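Encoded as structure tokens, the structure appears first; notes follow it.
Every chain is named by a letter (A, B and C) in the order it is written, and numbering of its residues begins at 1.
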């Protein structure tokens, strides 16, 4: 009896082993290739940008030192300091995050924990429409609605007609659905057993949501934040239209820190805005101004890389895994 | 749950007070969360309102030539209207106005009469119809009177838009508008017009905003989104499955992960440059269709086609899909996978049959957000080679193309006011397209979103 | 206005044809008499052979300036309306990118430009075997505008313009009898042909003075410049308010002429008569470029350029620009004839 069972068992085990492997390996191979495509893309981007950026730095009108230390960006008169563009980019992104993160997260918590399934099913797609409005529309919205609004609140003298604040707020609105939808998915996926356990122990809905569910979904929420920040930094059209076409040049020591350099209510072209403007303009493709956009692109790429590596370390520390 | 600063648990009335306090706080925060949601919805409504405001409203329409004069010129009296004239009379009016070339072209597209030609020469027409590629007019039925009347209105009467007003103005300041129109444009009619119309959807581009339409742009956008999804959905979900299920935690895989997060932040125009270098130039044989034998003589086969644009946008949205799919797969409880394994399923079988369906809602969210992004992008398409003016519909993935966002951007930068109206109409068309595309995903997502 | 122009022109042609109709073949155009001859007789204005779009097939690829785009669009749409059955595409990507496609990649048949081709670009073209031919097709006038509340500034000289857009802080610094309101400047971005042309004419190609001016707002989009100037809140009696000034393409002023005031340049107003006569000084040329080889190898390109040069003056006013000076247009037509021989 025992021998019969064991031989039957061995035969079945052997046939199972033989059957599944090739397909599994094939699938695993395909999936690896899919993941590896991203590496190819990065290599492609760095190569394309680096090739032209090299041409830019090899020209006698610009040096690497000037690029990273000068505070004036005016290619028409051969000033190539990246800082005005970087500061504008950072400012727009920070303002966008200040708008999008609280609003997005709060919306996500409401939709996931408080709203009924039916209203969630309706409200979530409605918010996702916000993500689909063309960025050109957002740009004009910033110019024709947000800027007059800011000017009426803070005064015409304080807020210029092109400014980073309007662009930042509108980019924030653009990003809200990214944060809310992704965070909401993460919250929604937390098993009910956790919530039920908290309720069983006497916690209110707020306490459950904020102290139990939110930390459990932190990985997904962090991913939402990462995508949102990346989008804010990389946004082109809104800033091209609403933040003006002039870089916010300054001189350290001469211009006031909060009155000019870090003032979000004055015009300040961002890195992405500059790239879009020059690539669509009438300048000759041979000119140094045109080649500078590749150097800017490469710098932006490196900045987001550093940001991502830092945020990975940060998130890994707070991630919790439940079952 | 511990309470700060207390060694023992409260009892009795104190307990009731503390609990009441916690509930109060809960209500306040609930209202705050609701307020945030409302803020987002209000922002959306304000945006939509601006767009809708420009898409409808009064227009002052003035005819270049009054229908009454045309009727009189043919010798009819006051009691006959232009629309009642016979086809023959209407054709006479056309002959007096349009150039010969235009008339011949119209006749080649569709004849006016079955028995005689008006503009074209008899022998030339016979020659055209007998040739290898007969013109459409050879086989189509002759134009009917309503069709010819339309032509007369378009080309002889020529209603011209002199001034437009927004929807809010038209609703709330009707009296003022009527007064202004009477004073400044006494010859014009005041008509309430919807710039979004069937005609707008099926007409190709034109330099005159009153007749321009978005047909080529809509078709171009649809083709591009189709190719984008066809490429990035399998690749994105596949990459996510690999990273979550199969990849061990080694340097390479961590690099891939950081890499993907980083790619989400690259500005779209840089993807355009990458797409130009790879799909348009390096892979020109593939993207122009030459590889597949597509593209006839006289056609410009280069790589600036829908395929190149679709793949470029596919690369752009790939990180969004991967990150969302990853999070969705990660959120599936391990117990589900272990149950599958315990029953003897292989890794792929477990993933396919249990993990993916559970993760589907999250994956679909990523797809929805990605499609929204792809549909609204302008800069990378311009770099890859979207045309700004093209009147032939795309015949396949290897055609030259244009897209809705490009039309919108072009029209908003023109000085004439009417272009802003049709830009707004095009935006509405884009949003409706987006909602339709996303509807399937949303329905699927709602159906699969069970709580575990 | 555009259609009555066309109406008049077509009536003239039809009259001429009708008069020639009964007698056989003497006439200028041949379409309604039935003969197929379309290339050997002269056009209405005399120089170029007549093109019948109905006989033109094959694709045409063009790209370039976004300023020239509306004009090329109008011509292409008319070409198609009159029977062209091939496919013509126009990409609005900027003069620089247009020349890159034309001279480096060799992808386009016609390049639209709102500035003349640069020497380095001609070199590139030659290195791929292309010798660019310039065709002047129109003129874009620059309008220097102020808000309607600005009642004191109505005309300006070149020297004052240079001061206005560089070192002056208040309007009084430009002209002593103007009030002391501070100046707010709205100008196109440094990548735009309009900016280039302005600097070339007013600052003799030196970009530093204007870029270092105070209170400077640059924008990619001329519509936005218009809005900036319209809403400046200028009050000549209150020196605390800023009064704005800016420059952009004339079409943008024409569309908003109730909300803007334009300054006369050296006493010359920007209007059709003055631009046509060459009297208005700030008028920049618009071009299209092609090569003789392309025109011969792809006859549809030659036909389209012919059609363009023949009919451009009928459409250009509606688009918002001004006709090229008659001798420039003639030179373009001559260049066409030379290329085809």
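Brief remarks on what is shown
Note that in this section contacts are C-beta pairs under 8 Å (C-beta built on N, C-alpha and C of every residue); 3 or more make two chains touch, one makes a residue touch a chain.
None of these values were measured; they are calculated from a predicted model.
Among the chains in view, B has its Cα centre nearest the centre of the complete protein Cα set.
The chain pair B-C and the chain pair A-B differ in C-beta contact count, and the higher one is A-B. Note on chain placement: the centre of chain A and the centre of chain C lie 40 Å apart, centres being C-alpha means. For the pair chain B and chain C, the distance between C-alpha centroids works out to 31 Å. For this pair, chain A with chain B, the centres built from the Cα atoms lie 24 Å apart. Across the assembly, chain A contributes 144, 279-280 as residues in contact with two or more other chains.
Residue positions 382, 412 of chain B are each in touch with at least two other chains.
Residue positions 66, 93, 221 of chain C each touch two or more of the other chains.
Contact residues on chain A toward chain C in their complex (touch as defined above): 74-77, 143-144, 156, 160-162, 240-241, 244-246, 267, 277-287, 289-290.
Interface residues of chain B facing chain C in the complex, by the touch rule stated above, are 64, 97-102, 104-105, 108, 119, 121-124, 158, 160, 205-207, 298-300, 302, 304, 382, 385-392, 400, 410, 412-417.
Of all the residues in chain B, the ones that touch chain A in their complex are 1, 22-23, 25-26, 29-30, 32-37, 39-41, 43-44, 46-47, 50-51, 234-236, 238-239, 241-243, 246-247, 253, 255-271, 273-274, 277-278, 315, 318-320, 322-324, 326-328, 330-335, 344, 346-349, 361-362, 365-366, 368-369, 371-373, 375-379, 382-383, 404-405, 408-409, 412, 427, 430-431, 434-435, 438, 442, 446, 449, 451-452. Partner chain A is touched in their complex by these residues of chain C: 65-66, 93-97, 99-100, 104, 113-115, 118, 120-121, 124, 188-193, 196, 207-208, 211, 216-221, 224, 227-228, 231, 233. Against chain B, the residues of chain A that register as touching in their complex are 16, 20, 23-24, 27-28, 30-32, 34-39, 41-42, 44-45, 48-49, 102-104, 106-107, 109-111, 114, 117, 121, 123-138, 140-141, 144-145, 173, 176-178, 180-182, 185-186, 188-192, 201-207, 210, 217, 219-220, 223, 226-227, 229-231, 233-237, 271-272, 275-276, 279-280, 297, 300-301, 304-305, 307-309, 311-312, 322-323.
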